[in-house]
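Structures are listed in the sections that come next.
In the two complexes below, chain A is the common chain; its partner is chain B in one and chain C in the other.
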Partner chain A sequence: MTWGHLVHIAYGIPLTLALTGGAFFVGAVLGFPIMLLRESSFMPLKVAMIAIIAFIRALPPILWVFLLYFGIGTGLINLSPFVAAVAAFGIIAAVNMAEIYRGGMVSISAGQWEAAHALNLSRLSIWRDVMAPQMVRVALPPSATYVIGLMKDSAIASTIGVAELAYRGKQVSQMSFEGLLPFTVVGACYIALSLPVAWLSRTAERKLRAKVAR
Partner chain B sequence: MDILDSLLMGVTWADVQSWLPGFWNGFIISLEVTAASLALGIPMGFLLALGVQSRRKVLRLASLALVEIGRGAPALVLLQLVYFGLPSAGLSLSAFLAAVVAISWNTGAYTSEIIRAGLDAVPAGQREASHALGLSALDELRFVILPQGLRIAVPALMGFAILVFQGTSLCFAIALPEIVSRAYDIGSMYFYYFPALAVAGLFFAAVCIPASFLVGWIEHRAGAYARR
Partner chain C sequence: MAYDLDVARMKALSPSPLGAPSASGSPAPEPSRPVIKLDHLSKSFGTFQALQDINLSVLQGDVLAIIGPSGSGKSTLLRCINWLEPANSGRITVGDLSLDCSKPVGKEQITTLRRQLGMVFQSFNLFPHMTVLRNVSLAQERTLGRSRREADEVSMGLLERVGLADKAHQYPVRCSGGQQQRIAIARALALDPKVMLFDEPTSALDPELGLEVLAVMRELASSGMTMIVVTHEMGFAENVSEHTMIMADGQILEYGPSREVIRNPQTERARRFLRAVNDR
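Moving on to the complex of A and B:
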């Protein structure tokens, strides 16, 4: 393995980050309405959402990636590998984020709802000013853990040819006829990338908690 | 129906039926990898959980390194490291063995954290009481801490077992003929990608949906016990 190989692997980092960021964005946005539908008081809707969430979580990520890229990609609409991967991980992230949001919402005591109603706050105001700030605090640590998990899952995109870290690691191992070092470097890259996320989450959590304690 | 037609590409029931034996064999391979990885990984996780709390520095650092790499690196990269990497260190493993080694490592790293959390959740008074009763360190672990700590860890371990089964799908990358590889092969041979992948999905759904509801129920019951 040469410096050139190392640089070749490093060029995969932006794509890994883009995959992770893109999928997390899709998941964080879609997760909220999914959570609301799942918590709906209209029973058939609630049951349908529980079934859909269970189904999406039951299939392994690689299968979702293949279904979107090969399954839909060859028959229906042609998706680029990157778009297919972001869409697949985005769908999975959406149901997982919905569960994380739900955990945040369940943790808010009923008294908060009652107090907000008693103060005659509008629906928008209840969500924006009362619920959201409290939910964020509870949902932040599991979300950060999830982002790190998502980044590791994004390695699966290498199987459909997205030239991110894992893909380039395999390329280098084939070019250099070495196995141990390239994959170790790639593994170390993932660990190194997850450290700032973990640090950021801890810092943010501390700050948010300090705000409440005041 | 146009959309469905273009997804199914004119596949017939006879086609699907002819795939089923292959899928079944793939399913058995996935189950075997899961069982072997859990059988090796959970005891390994237990040893690592004790290792990271060890007073011996070498042991502690070695355990910590195994846990952090096993958890921090993607399972796919671990698989490739073991399958493509170890041969250059003079150790060639079959795809099946490589899968078991890599997924056990991954399992050991994750379950060590689950088990450690379980052991930590045993109230401190239990340890103090063991000391007061003059139990040896081994007896304290064996009769007091483990029975309580492991009971706390069981629901999380079962939840992780489902993830291990799903994780066997990554063995596609090392050409182990499990469920997803079978679907991919059918897809690339006859171009029936969507139908073949959908059948593969049904295998996972049939196992994981009931299993995750079961785990949810057990978690709920365990929680009820703690609340009481």
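Moving on to the complex of A and C:
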């Protein structure tokens, strides 16, 4: 393995980050309305959402990647491997984030809603001023754990040719006829990328906790 | 304040419990009229009838204590009054607003209703992620359109009044239960309600902490605030509230001047309940 090989692997870092970040962004944004629909008091809607969420979670991520790339990406509209992968992981992230948000919401006692209503706060204000800040506190640690998991799962995108870390590791191992070293480097990259996420989440959590904890 | 006290005393002397101002006497500057009136209010959860045909009126400046066994519908009654729980039938009148509970009611009407009512909960329900000051100021800004400065000024005045100005920049978890409840009272008062509703405000508190909350409520009552208080504090019911109502099984068992109702209940059911309370 040469320096050139190392650099070749390192070029996968931005793509892995973009895949993870893109999918998480899609999931974090779509997760909220999905959670609201899932918590709808309109029973048919609620049941439908529960079924859809269970269905999306039941299939392995690689199947979603294939479905979007080979299914939709080649037939209906032309999706690049990268876009197909972000879309696939975005869908999965959305239902998982919806569950994380839901966990945040059910952790808020009914009394908070009642007090907010009794104070005549508008729907918008209840969400923005009362619910969201409390939900974020609860949802932050599981979200960080989820991002790290998502980053590892993003290696699956290598199967449809997205040149991220795992893909490049395989390329280098084929070029250099070495197995252990290239993949060790790839592994080290994943660890190095997940550490800051874990650290950031921990720090943010501690800061937020410090204010409200006894 | 002294003037308000006089009004309260005059009312206490008035012979009729249900609202009609006494015929004689000098014209009071503020005629005693019901601020809250409930007519035939009923509420059921599925097939279970939680409130049955409740008729009630509370005069301006009056304090009404509601007592009764667990499950008798006391909380449900308060929650129906401010529409946290929509009643099924009957009429709720607060000030100039009169709502028919059997008909669909618009959002603006519920807003108008709640604007006149302050609510204090057994479990305080302060917002844990905001400072004490922010807790009291938030709704003023959002619902009354006060500026941050105006709101904070009002809030500081009220925190002063409940004896907690020094806690303004703390978070609620740093306050004792009694302090939290006093903050919750300040938060409700900040919206200038016509009537304050209290649902067992001291039940979650140690007796000593309960006392400081009761002191604030006493002061509030003597300042002329109209109050409906669900409570197990017989001392408060007897000494502070003009009228007491005993509820059982979703109905009004007894109603009248507090001393009469508590010292000399007419029904066997009420006697049994009061005995149980006194034996504790």
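Assume the second predicted complex is superposed on the first by the 212 of 214 C-alpha atoms of A that agree within 3 Å, B and C clash if a C-alpha of one lies under 4 Å from a C-alpha of the other, contacts with A are read in each partner's own complex, and residues count from 1 in each chain.
The rule we apply is simple: a residue touches a chain if its C-beta (ideal position, glycine included) is under 8 Å from a C-beta of that chain, and two chains touch if they have at least 3 such contacts.
As the structure is a computational prediction, the values presented were derived from the model and not from experiment.
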Looking at the overlay, what does A:Lys211 touch: chain B (first), chain C (second), both, or neither?
second
Please indicate which partner A:Gln112 is in contact with in the superposed arrangement: first for chain B, second for chain C, both, or neither.
second
Contacts for A:Phe66 in the overlay, against chain B (first) and chain C (second): which applies, first, second, both or neither?
first
Kindly classify A:Gln134 by the partners it touches after superposition: chain B alone (first), chain C alone (second), both, or neither?
second
Touching A:Leu121 in the superposition: chain B (first), chain C (second), both, neither?
second
May I ask you to decide whether A:Gly179 touches chain B, chain C, both, or neither, giving the answer as first, second, both or neither?
first
Check whether chain B or chain C contacts more residues of chain A in the superposed model.
B
Once chain A of both complexes is superposed, is A:Asn78 in touch with chain B (first), chain C (second), both, or neither?
neither
Touch check for A:Thr2: first (chain B), second (chain C), both, or neither?
neither
Chain A contact set shared between chain B and chain C covers none
Mind listing the chain A positions that touch chain B in their complex?
54-55, 57-63, 66-67, 70-72, 74-76, 152-156, 158-159, 166, 169-170, 173, 177-184, 186-188, 190-191, 194
Can you list the residues on chain B that touch chain A in the complex?
3, 6-9, 68-69, 72-78, 80-81, 84-89, 166-167, 169-170, 172-173, 180, 183-184, 187, 191, 193-194, 197-198, 200-201, 204-205, 207-209, 212-213
Going by the contact rule at the top, pick out the chain A residues touching chain C in the complex.
109, 111-112, 114-115, 117-122, 125, 129-130, 133-134, 137, 211-214
Using the touch definition up top, name the residues of chain C that touch chain A in the complex.
82, 84, 111, 114-115, 117-119, 121, 123-129, 138-139, 142-143, 171, 173-174, 184, 187-188, 191
